[in-house]
C-alpha cells in the first residue's frame, strides 16, 4: 500500500522527537512514545541474525519501561554521559493488514566528562508504529546494534 | 590513558605489599605492563584451566567457535569422533590468525594465504606444491607434516562445559576445581542438555582481576545494588555460605533470598528504597526450580577466566578475555535447559534484564571497576584495604567478609612470586 | 500551528545546503545563510545547560561572520582539514508569534591529511529561521556541542 | 526547475533502500539499484578535487558491478564485518536537460568481530538518478570519501 | 603516534644538552615517557603549587568541583566553616575514583561501591557493617577511621583563586610566586568578587611545557598572530616588560597597545595586513579599565599548570592538565567582576572570540604546539635553539627575547636533575 | 592491541633464530618496539635509499610534495635550477613540522610560528628581528644562518623517480640497486615522460616487512588470489624468473601470462574456479605493450620502502611508511606514459580495479598481513617457516620458492645484528 504524505511526516516527526527526548535527558517522557503493550528491545545483531532470543534489554509494556527509567535514575550508579542520536531516513511500509513497519539506521554518540565524543551504538531500528488518535506511537521498537562489544555499560535508552 | 607502564627513569615500579598477607593490594598489581605479561605466561598460559565454551555451541563434526584464552585466539571444534578439540588459531606457516568468523562449520581448516590445510585435530594434511611444480621447488626432504600442525591445547569437558589449557601438565579439571567448587559446578551442570539463549559482550576498561574481586565480594551487592537490597535478592543479612578450593583461587558465594524484606537502617544502608514499587511485577517473577535446593543464588568464580552465574532463574557463564592490564572483554553466554517450558524460557529472558552490560544489578559493576582502575592509575604508591572480617583467609558462613579476595591474592602472590 | 509541506521542504533544503556549503569549503557563501542581524554561536553543552554565557565562538551579525571568514582564511595558521556534516531529521515548530524554531542533531567528521576520519563535533542545532522573500535564512543558529573537549582547535564554521 | 513532492519522496526512499540493501548484506540486489550503463565509483576526495582520474573502485555498467559482487563473495578473502550507513538529507536539483542530480553526505560505520564500531568511510554521494518506469535508479553514483586513508581494505560497496 | 617511549634495544635515550645552559632543548624533554613520569613526581606532585579553580565555583558548603592536578583526580569542596578543601578523588577502600560529576553539591562524599562515607574534610565518617552483622564479620579491632580518610592536599586561597599541592612541605604561595609575579597576580585578583562566564576545553596533542613556552614567548605573537599585529594589540615594538620569579619558573609578559599602527616592513613581518579592515568594529571595542594602569595586556605563567590572562577586556585562567608526554588538556575559565555592567559583560564575551580553541589569536597556538611535538617525535637527536637575546636568563624591558623560556628550562634542569 | 612491547619483568624479549639461517623468523621481529626503533635508525635513516616520489609530482620551481621517510616528515621540492631537493620538514628553531599541506607551490618555505624563512635548498634566509628592534634583543653575534638550515637529505633521481637518504655516505643509487634490479627498474622507467593518474592510501595494521614479504612471495598469488589463478594472470606453472641484488635485499618477480588456462587439481589448488566467467570482459582487456617484451608482470621490491608494479597494463609505485612495529601506511601512486592514447589511459584506470585497497587481487593482501600480525602478537615464542625450495638463498627460474624472503631476512640480520 502506498505511503501517504501525512504518514511520512508523522513518522519523520516521531523519530526526530524520539531522539530529542533521549538526548535531552527527558527520560520520564520516554515511555510515552510507546503503546501500553509495546515491546522495546535492545539486541546485538549477532543474536538477532542467529535467532537467539536473548536481548541486552527487553522491556515488554510501558510499565516495564517506567521501571527501567526508575532503575536508571534511582538505582544504577554510573558515570554521567551525554547521548546524541543521528538517525537516517526512515523506510516505511504499510502491510496488507494495515500494520505500519518502519526501519531506520541510527548512530548514537556518547560523551563522558573530560572526553571527546565516541561512537556508542550504531545499528538499525526495526519498529512498528500505530496511531493512537492523532499521535503516532511505537508498538514495537527493536534497536539491533552492530557494534560487537558495548563500551562497558548501557544505561539510558537508545 | 596512554600507556599503563609506569616505568620511570628510576626503573621499574614493583608492587610492594604491606607484610606477608594479601589484604592490601598495591596499585601496580592492576596497572603494570610487565606484571601483566607475567600473568599471561604463568596464569593464562600456565597450568590453569580456562573456560572456552559450551558443548552445544559446536553441535556437529566441523562445527567451530572462535574465542580466546588470555590474548591468544583459539578454535573450539568438534571432530568426527564427536570429541572437542581446542586449537590455537595460528597457521604454522606464517602465523596467520586464519579463522576470522566467530562460529560456523567447515570441512577442513584451511589457511587462505597459501592453503595449508588442517583437520579437526589440528593435523597438517597438506601443503600446496609440497613436491614442487614440474620438478621445481617444493618443501625440503626433511619437511614433515607432523611437525607443523596447529598448536593443540589440553581439553576437559564436563557436563557440557568445555575448558582448555596450553600447559599439558595441568592437573585434571576435577582436582583443579576441588570438591566444594565442583559440587557447585555440578549443581547447575548436572548433565542435562543445555539450550543457548544468546550472548552479551562488553569491554570493561579495568584490570581483569577486578571482575574476579567483584564476584568474590559479597560486601558490595547489598550496598551498591539498590535493586538487590530493596527486593531482598541479596542482603547482608541473608543466609549464605562462602566456599573456596584449597588454593583459594576459586570461590562460590551461595545465598538464599529472605522472605521478609525490612529496612535496615541499623547498618546504615542508604541504598534501600522503602517506597520503591515495581510497575511491572513480572520483572521479578521468580519461580523456584527443584535443583536449587534452598539456595536462590550461586555465583562461582573459577580462576582465572570464568564466572558461573545462577541468580534465581537467570543462568549464564561470564568469560574474561584480558586485553592489557587496563581492560578486558566480558562475554556473557545465557543458557537454559532443554526441558524448560515456554514460560520458563520467557522468564529467564526477562530476568536477564537484571544482568549484562545494561543489567539493573550488573551495569554498575562494570562502572565501579572502571573507576577503581582510574584510582589505581593515578597513584602507583596506593594499596587497597581488603580487611573486612580480618586479614586471614578461610571459608565463611556469612557475607560480611572480604576473605575470598584475600584468598585469590594469596594464591596470586605464590604463582607470580610478587 | 501546523507545519505546512512547503516549509518542511524549505527547511530540509536549507540544512542540506548549509552542510554542503561548509563541507565544500565555500566559506565566502556561508554568511549568506544568515540574516543581517543573525546570531551564530558555537557553545559547549556544559555552558549552555548551566546558563553560563560564554561561547566558543559568538558572532552577532553577518558582518562579524565575514570577519570570521577573513580571519580563518587569511590570519589563522592551522593544519588543513576536511569537514563532513551528517545532519538528522529536523524538528520544526511554529510559535504563536509566527517565529519558526528548528532543531536538529548533527555529527561533524574531520579528516586531516594522512589520517582516518574522526569525530570532530556532535551536538544539536537550536535555530530560528525566517523567510527573506522566497529564501529561508537563519536568524539564529546555536551549535550546542556535546563533546566535552575540542580536538585541539576549531577553525571553520560548524 | 522545481522539485515536486513525488520526486522528493522517491529520492528519499531510494537512498533509504540503498543503504538498507548494503547494510543488510543483500549484495546480489545491489546492482539492481543502477541502470545498465551506470557508473559506480568510489574515489578519494584528494583525486576528485585535483581532477586525478584514478578511483579506488570504478565500475562501469551493471555487468561490472555483478562481477564485483562475485569477486567479493567468491574470490576475495577478508575478515567479516558489518556496515551501517547513516545518510544525510539529500539535495536534489533538476537541470534544464531534465537530468536529476542528487547529492547527500554519508557516514559508513564498520564493525569487525570482537571490536567496537568504527568510522569506515565518510563523504558525499554525487549521483544522477533516472526513472525506469515507476522506479528510480542511479545512472551515476560517485562516492567521494574524505577519509585520507582507508582502514586496510574496502570490500563491500559503500 | 603509538608510544612516545623511544627506548631502543640500546637502552634509554636521555636528553643530552649542549653545554650547561638551557637555550637548546633536546627532543626527549618533550617526548620521553620516563622523563614525563619524573615530571609528574617531582613537579606536579612535588613542592609546586597547582591552580585548581576559583572560589566562586564552590559557593556553598558541600559545593564541589572535580578537576585534576597532574594526572591525579581531585575534588575542590567547601566545608561548613566556609574553608576550601582539596581532596584526592580516590576511595581509601578499593581506589574508586568515586566522584564522576564535574560539579555539584553533596551532603557527604559517599563512595557507592561499599558506601564508605567521607566528610568535607575527607575524614572517613563510617564504614557499613564495620561491626559486622549479627555478630559476624566487620572490620578488625585495630581498624581506625582516622587512618583511611581521603588524601588531603595542602591548600592556598588568595583573593578568590585556589591552589593546591600534594607536598605539605611546599613553601607558602606568596613566597612561591615571589614579589613580581604576586604583584601581577594581585593586579587582576585584588579581592573583588569574580563572576563566572564559562568554560572552554581543548585537548592539545603536544607536551605540556610547549604551552608554557608559548606564553613565555613574546617573539611569536607579533609574527604568528596576524590579528594582533594588524590591530596593534601585540607588536614587537610595543612598550613592554618581562618579569620572572627568582627561580625563573614563573613569568609575566606585560605590554601596552600602541596607538599608532604602522607597517613594519623593516622587520620583515609578512603577517601584517595593510588593507585589513573589520566589517564589525565591535570585535575590537576595547574600553580601558581603571585597574589596568597603562598596561593593556598581562600574561602571567605560574609554573607548572596555569596561565592568568588579561588581554584588554578579556580575562581567563588557563589550566594545564597533562595526559602523557605528548598531550594535555587545556581548560579555559573566563570570568569578570561583580561590578561589571551589561556592556562590559557583553564586551568580555565578545572579545572571548579572540581566545580559546577557536580564537583568532589562540587557535593557532594549539596548532603550532601540535606541529612542534611532531617535529620532536621525528628526531630524538634534535635540539631547539632558544637564543633570541642571548643564552642567559634575566628580566627584560623588551619583547625581542626568549629569556623566559631559557629561565623555565634552567629551573627544570635543576629540579629534574637532567 | 595495546602496546607491542612485550617487555616482561624478566627483561626484554630478543628474537631467537633457529640456526644461522633466515628461514624461520621469530615473532619479535614483527612486534618488538625496541627492534623497530633500531630498524628506523639503521634501515630507514641509515645507508638505504628510500623512494619519495615522481618528478612529475613537482613540475615547477617551488612545487613541493610532502611525504615521509620512515617516520620522519620530508618535503620534496624543486629549486630554481630545476633540481629536486628533499628537506626534512622540521624548523631549525623550535622543531615545527611547518609544512602541513600535502602538495602545492611556494615562494619560500616559511615556518609560521616565528617566520623563519628557508629557500628551496633549505638554506635559512632570514630570522625576524635578528638584529633586534630599536637596539633591543635579536640573535647573538655568533648566530649564523648557515648553521640553521633545514636538514637536507641526499637525493638521487633516475628517469623521473626520486629517492632520498638521510645518510650522505650511502652508495650511488645504481650500485645500491645492482645490475639486475636496475634493469627491471629501467624497463618501466626508461626516461619516457610519466603521467600521474592518482593515489590510493591505506593503513595496514601489520609490520612493514610483511608487505615486502608479500611481494617477495610468488607462492601465494596462485593460491590466495582466485582472480589471478582463474584468469591465468598468475599461476605457479607460469614461466617466471626471480632476481635479487647481491645483498638479497631487493628482488624482482617476473612472469608471463600463460595462454592456455587449465584446471590444476593435481596441485590441489582449490581457489581455481572452473565455471567462473566475467559478465564484463573489459575488466581483463589486456593489450600488450611493446616495452614489455615477453613478460606480462614485473614486481620489483626495492628495500626498504617501495614496490614498483607492472601488472599487465596497470602501473604503480607502492610506498611503505612505517608507523610503529604493528602498522604502516601504504601509498599507491598510479601512473601512465605521456604517449598513452585515451583507450590506454582508460584501460590502466580500469585495470586499477584489481589493485589498491579494494582491488580484486590486493585487498586480501592487506587482510592476510593483518592476520599474520595478529598471529605474531599472540605468541612471542613462535617462528615462521619459510622453507619452500629449501633454506638457502639464490636466484630462481620458478615460483615455487620462498628464497626472496629468506634473502631479505639474511640481509636484515646482518644490518640489525640480530
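In this document, chain identifiers A, B, C, D, E and F correspond to the written order of the chains, with residue numbering beginning at 1 in each.
By our rule, a residue touches a chain if its C-beta (ideal position, glycine included) is under 8 Å from a C-beta of that chain, and two chains touch if they have at least 3 such contacts.
Please read all numbers here as calculations on a predicted model, not as lab measurements.
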Checklist entry - Can you tell me the least number of steps between chain B and chain D, where a step is a move to a chain it touches? => result 1
Checklist entry - By label order, what chains touch chain A and chain E together? => result B, C
Checklist outcome for this item: In contact with chain A and chain B alike are the chains D, E
Item to check | Classification of the chain A:chain D interface as same or different, half of numbers criterion | outcome: different
Checklist outcome for this item: Note, CA centroid farthest from chain B's centroid sits on chain C
Next on the checklist: Measuring between Cα centroids, what's the chain most distant from chain D?
Outcome noted: E
Checklist outcome for this item: Whole-Å distance, C-alpha centre of chain B to that of chain F, is 44
Item to check | Centre-to-centre distance between chain C and chain A (centres being mean Cα positions), rounded to whole Å | outcome: 27
Next on the checklist: Just the number, please: Cα centre separation of chain A and chain F in whole Å.
Outcome noted: 48
Checklist entry - At what distance in angstrom does the C-alpha mean of chain F lie from that of chain D? => result 31
Checklist entry - Counting only residues that touch at least 2 other chains, which ones in chain A make the list? => result 5, 77, 79, 86-87, 89, 107, 113-114, 116, 119, 148-149, 151
Item to check | Of all residues in chain F, the ones touching two or more other chains | outcome: 3, 5, 100, 102, 112, 201, 203, 224, 271, 329, 364, 368, 371
Checklist entry - All pairs of touching chains? => result A-B, A-C, A-D, A-E, B-D, B-E, B-F, C-D, C-E, C-F, D-F, E-F
Checklist outcome for this item: chain E residues touching chain C in their complex are 102, 196-205, 224-227, 230, 271, 273, 276, 278-280, 282-283, 329, 334, 345, 349-350, 352-353, 356-358, 360, 363-364, 366-368, 370-371
Item to check | chain B-facing residues of chain D, complex | outcome: 77, 79-80, 113-114, 116
Item to check | Residue ranges of chain F in contact with chain B within the complex | outcome: 2-3, 5-10, 27, 213, 219-220, 223-224, 236-237, 267-271, 364, 368, 371-372, 374-379, 382, 384-391, 396-401
Checklist entry - Hey, which residues of chain F end up touching chain C in the complex? => result 100-102, 112, 201, 203, 329
Item to check | chain C to chain A touching residues, read off their complex | outcome: 3, 5, 8, 45, 86-91, 103-107, 119, 121-124, 146-149, 151
